[in-house]
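In order of appearance the chains are A, B, C and D, and numbering begins at 1 in each one.
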Amino acid sequence: MGTVAAQSPALLPAAGLMRDPGGTGRFGEFGGRFVPESLIPACAEVEEAFRQAWSDAGFRQDLDRLLAVYAGRPTALTPAWSLSAELGITLLLKREDLAHTGSHKINNVLGQALLARRMGRTRLIAETGAGQHGVATATAAALLGLGATVFMGEKDMARQELNVHRMRVLGAEVVPVTSGSRTLKDATSEAMRHWVTCVDEAYYCLGSVMGPHPYPWMVREFQRVIGTEARAQCATELPAAIPDYVVACVGGGSNAAGTFAGFADTTAQLIGVEAAGGAAIADGRVAVMHGHRSYAVQDEHGQILEAESIAAGLDYPGVGPEHAHLHDIGRARYVTVTDDEVLAAVRRLARAEGILPALESAHAVAWVIRAAEGGELPPRATVLLTLSGRGDKDTATLLEVAR
Amino acid sequence: MTATISGTALGPHLRRRRDAGRKLLAPYLTGGVRADWTDYLLAYAEAGADTIEVGLPFSEPVVDGPTVQEASHLALRRGANVRDILADLRRVRVGIPLTVMTYYHLVQREGAEVFCANLAGAGVRGLIVPDLPVDELGTLERAATAAGVDLVLVAAPSSTPARLREIGTRSRGFVYAVSVMAPTGVRDELADTAGVLAGQLKQATDLPVLLGFGIATPAHAVAGAHVADGVAVGSALMRAVLDGESPAQVGARVAAMRDALDRAYP
Amino acid sequence: MGTVAAQSPALLPAAGLMRDPGGTGRFGEFGGRFVPESLIPACAEVEEAFRQAWSDAGFRQDLDRLLAVYAGRPTALTPAWSLSAELGITLLLKREDLAHTGSHKINNVLGQALLARRMGRTRLIAETGAGQHGVATATAAALLGLGATVFMGEKDMARQELNVHRMRVLGAEVVPVTSGSRTLKDATSEAMRHWVTCVDEAYYCLGSVMGPHPYPWMVREFQRVIGTEARAQCATELPAAIPDYVVACVGGGSNAAGTFAGFADTTAQLIGVEAAGGAAIADGRVAVMHGHRSYAVQDEHGQILEAESIAAGLDYPGVGPEHAHLHDIGRARYVTVTDDEVLAAVRRLARAEGILPALESAHAVAWVIRAAEGGELPPRATVLLTLSGRGDKDTATLLEVAR
Amino acid sequence: MTATISGTALGPHLRRRRDAGRKLLAPYLTGGVRADWTDYLLAYAEAGADTIEVGLPFSEPVVDGPTVQEASHLALRRGANVRDILADLRRVRVGIPLTVMTYYHLVQREGAEVFCANLAGAGVRGLIVPDLPVDELGTLERAATAAGVDLVLVAAPSSTPARLREIGTRSRGFVYAVSVMAPTGVRDELADTAGVLAGQLKQATDLPVLLGFGIATPAHAVAGAHVADGVAVGSALMRAVLDGESPAQVGARVAAMRDALDRAYP
């Protein structure tokens, strides 16, 4: 994956980019539905229900109301006044950290939980790494009166004890996963295994733009609200209406996909920032895992590697299939930053703007700082950056690092 | 790349035996789980297996329950990989056609043609890819055929009638009927779903139908073979392997099943 | 303080209630400016600057813009769908937990920080107990390029290690206070002592509706945005436009004051909920402390007692002077709930609505539950409750209690 | 309630001495800080104090620096309270008028009239309330006058000229001039602000002006008395008390200051 396609005008803006991937769920050669036969009908049912719901004004209204009166949308667009001045650019922050539960994850789970209820399911299943998606799922389940079973690697449970307790207070059952590396990728596999046993009663609420069709598409659509709002807000904030750059961190890729979706048909350069320690696109090769075909980091024999990032939410060796496609056609660029750059970015944003970003989100900030200071961003460039979550959850990590 | 196809073809072999009234028995072993892993294959064959499923371990075994996960994990920690496992296979002569079971990731990373050719080169005559549904077969179907490897498709209790027909039509060698909506693993008794599914499949195809997932004891095997043409046995055997039983000991377990089947269906 | 004046119609709605307390800063017999002579000119200067700023459309616009694009206002008004049904009432939650930094504290500090900058001050001083106001102050200081010195009791620093680190990452200096009980009241005294030494350069950014005039009034005005928004939102959500009850927790009393201010001139019953372990109005007597005359809990000799609540933000023995006045004239009622009721309320709200409230805010929830279940609230009563902050900060406490 | 006013009135006493050319010395002691605390009062008087400030400890001493905070805290932990301290005072005869220093909370909780009457009943002739600015005197001014207690007002370096006039006019007994923008406490040298403030006050009032906050050594006392009519000394003495010095030892510190003053201003 070494080479990054230069942004060639011919490839942009592709009509129909980031739209319905059709019945096979394909984004170019990526995506698909690579699951055991047992799960095929369940996935098909989710797809069918989503297609119906998404074209049902009543469903959209219900979701929009929840997003507004419950989750706190629209989230603010904050000019990073000081950092912009320091960097000689105009940096706008899309504030998903202000959404209920502290990150963009809530947008997706509210959509999926409403869908689950519409499908008559009584319980949500979810995988979680750091616990953010698990907390969001537990939250949506409580809100809609559904059960919640969250799979979490034993190692992550020990590292994220407080999030485990948050989920339990919210009424969720948290199931320790003891297989493999006992982290997110194993929790994901275990959630899928569990889903097989209860497809009639439970709904698998996936946490990012991954998994079998329709999940990558559906989750992107539920996250599209980020990009749609940001697009309208940029039109007010920026003389040119459209920013020159649109930047987001990429774990599975849902906050980036939701953001990019609002700008795919513009001239904005789309930049996804991966953790250097888990860079599926920069360091990975084509992989079929967790239901889709995309990129993932793997060893010489094709075994999937564990990711190693200071940001638990980016500790995933794969990436959503649509990002693989956007990379392949050169519509988006994927870059990496190191843990050290990320820690510096957290401090810098905190001191300049009074905003403590999640370590995940700080990846996007770190790239903007490097690109502006390294001259890669032209002077006065306008940059929209999605701040996917707040840093409170990471304070203990920062404290440890500081010691 | 073309490979020399050696040994007996899987499909005709199983069909012949089935048609002769024999209930089919397909024990499973994770490739590379121990240094002497191929000795278990010989013991299985000796004990009366009709084919052996050889698992190529993958780091994300979504279809597998705890026992096979543990076995895969152990094999990988031992450094097992596709190339070496196939090389080991090339060196043993078990006398019955072997079937590889693995995840699609390991197939596609080498490309379907190369992968199938490598299988054939190692004497493997069947391939089961449990996370590859019939809709996603892509080039693998043709590549397997070209390599002389039977691409065995998997049916599940949740499969719709239309899908069962499709699976029945496009599967080669046999059809793998997943007995229960669950990962692989030992269960107390055969699920009700097994009989229903096997019955539907028998309507949909003339291929041998082997029932897998949760067949742990001779009694299970007999019950399964009542509705299907035979059974696949995995976790129960792997538990024994992981617990340190020798090839002879695990072979004896296979032999007990063989015995029970032959006795029940004389 | 035992007797609680019944809501007598004659006393309500008093014209001019919750307005400008005049040059002496009096709310009935409460309030005032009881500070050392050294601080009198500084307080007068703050009053003068606030009066000018508050009638300056430019200042109001700057503040409104910060509240909107930075702090995430307006905050949502969330119907508590399930809990309402369980209790047979209509309960609406004003979601200050969604504001930047996780509570209503940001409303006040942004106002004061803007004022400090307008006054040419280069540094903010603040006291903090649990760290919420300290984090908010550090945030506003970072945003506006000011220094921040936060005084915090040594005991609280040990209990709230993560918030201490958050402040430091935001660039604030956190000064341990080793005198007295080494908690919030001592930190407040120490902040005032420090302010004396640097009035020309530093601005004292007080965290609640207390302290010398103009602080109780000014902080209430900066928090009035809660009530103003809620009033408009209730008009949309409720057929009767005005809720029957308006409920908020009371530590110093800023979130309650801001909320009440929006409804003082209506028929709504105003309920302030204190912690049983620090109930200045329910258990206190008249006191002059930290610059104002109000109520505070004290021993037989008049010495101020330490408060003891599970909610660090309510661990203050006093209360803002305007609340003492609202109590005396019977316009607002002050009630108490116990730690056990609070813990139960946290769990109940979390499970019913997927919202984990701050322990402080859960005091208000606990009273509503008790009043509805005990028949004190008439069936179908409409209740507006200010959820002053989010519970993430309290997860460790909850975990300890659960063990 | 009316109390019998006993002993010398504070104002005339200080004014007489000042007018006779004597520099005034007002040492401080926290009431109840030790069981034998009144012995320190006797030692102070013996050493040449012109009045003694007796602190009534309050749990929230916002004007005080670390030493006096510690003393207040200690006294409270020992169970000190206003009633008992005044009862102790009633039992000692120090021969000079005493001045109480305390926070407004303790005054208002009993009501100004009762509080002042109680002071007078204990022989106290002056009252300093450092957190009660002139604007907030309310009923205390009249109550103090009625009880024959001089309500001593405090001026600060930050006071405006208008406020200094007001303070000068309404203060009784003397004016307490805070030498520096800081809490009470020992400092290396007298702040520049002290001279400016004392000079302004001397313009604004004919009352004796005593300089307090930061006067720790005989040299400080001499410097302070150069611009004012005398000095108040607190933390330096309380440090010695807290460190365990006896009444005689601390009295010797006061005597040293008295000596230095008398020598410098013969």
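As a convention for this text, a residue touches a chain if its C-beta (ideal position, glycine included) is under 8 Å from a C-beta of that chain, and two chains touch if they have at least 3 such contacts.
No experiment lies behind these values; they were computed from the predicted model shown.
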Labels of chains that are neighbours to chain B and to chain C: A
Chain centre separation in whole Å, for chain D relative to chain B (CA means): 97
Distance between chain centroids, defined by C-alpha means - chain A, chain B (Å): 37
Distance from chain D to chain A - Cα centre to Cα centre, in angstrom: 67
Per-residue overlap in chain A, given as positions that touch at least 2 other chains: none
For chain B, residues that touch 2 or more chains besides their own: none
Pairwise touch network: line, ring, star, complete, or other: line
Inter-chain touch pairs (all): A-B, A-C, C-D
Residues of chain C defined as touching chain D within the complex: 24, 32-42, 179-180, 185-186, 189, 192-193, 196-197, 199, 285-291, 293, 298, 301-304
Chain B - residues contacting chain A, complex: 58-66, 69-70, 73, 76, 81-83, 103-106, 108-110, 130-136, 153-160, 163, 167, 178, 181-183
In the complex with chain C, residue positions of chain A that touch it: 68-72, 75-79, 81-82, 95, 97-100, 102, 138-143, 145, 161-163, 165-166, 169-171, 346-347, 350-356, 392-393, 395-396, 398-399, 402
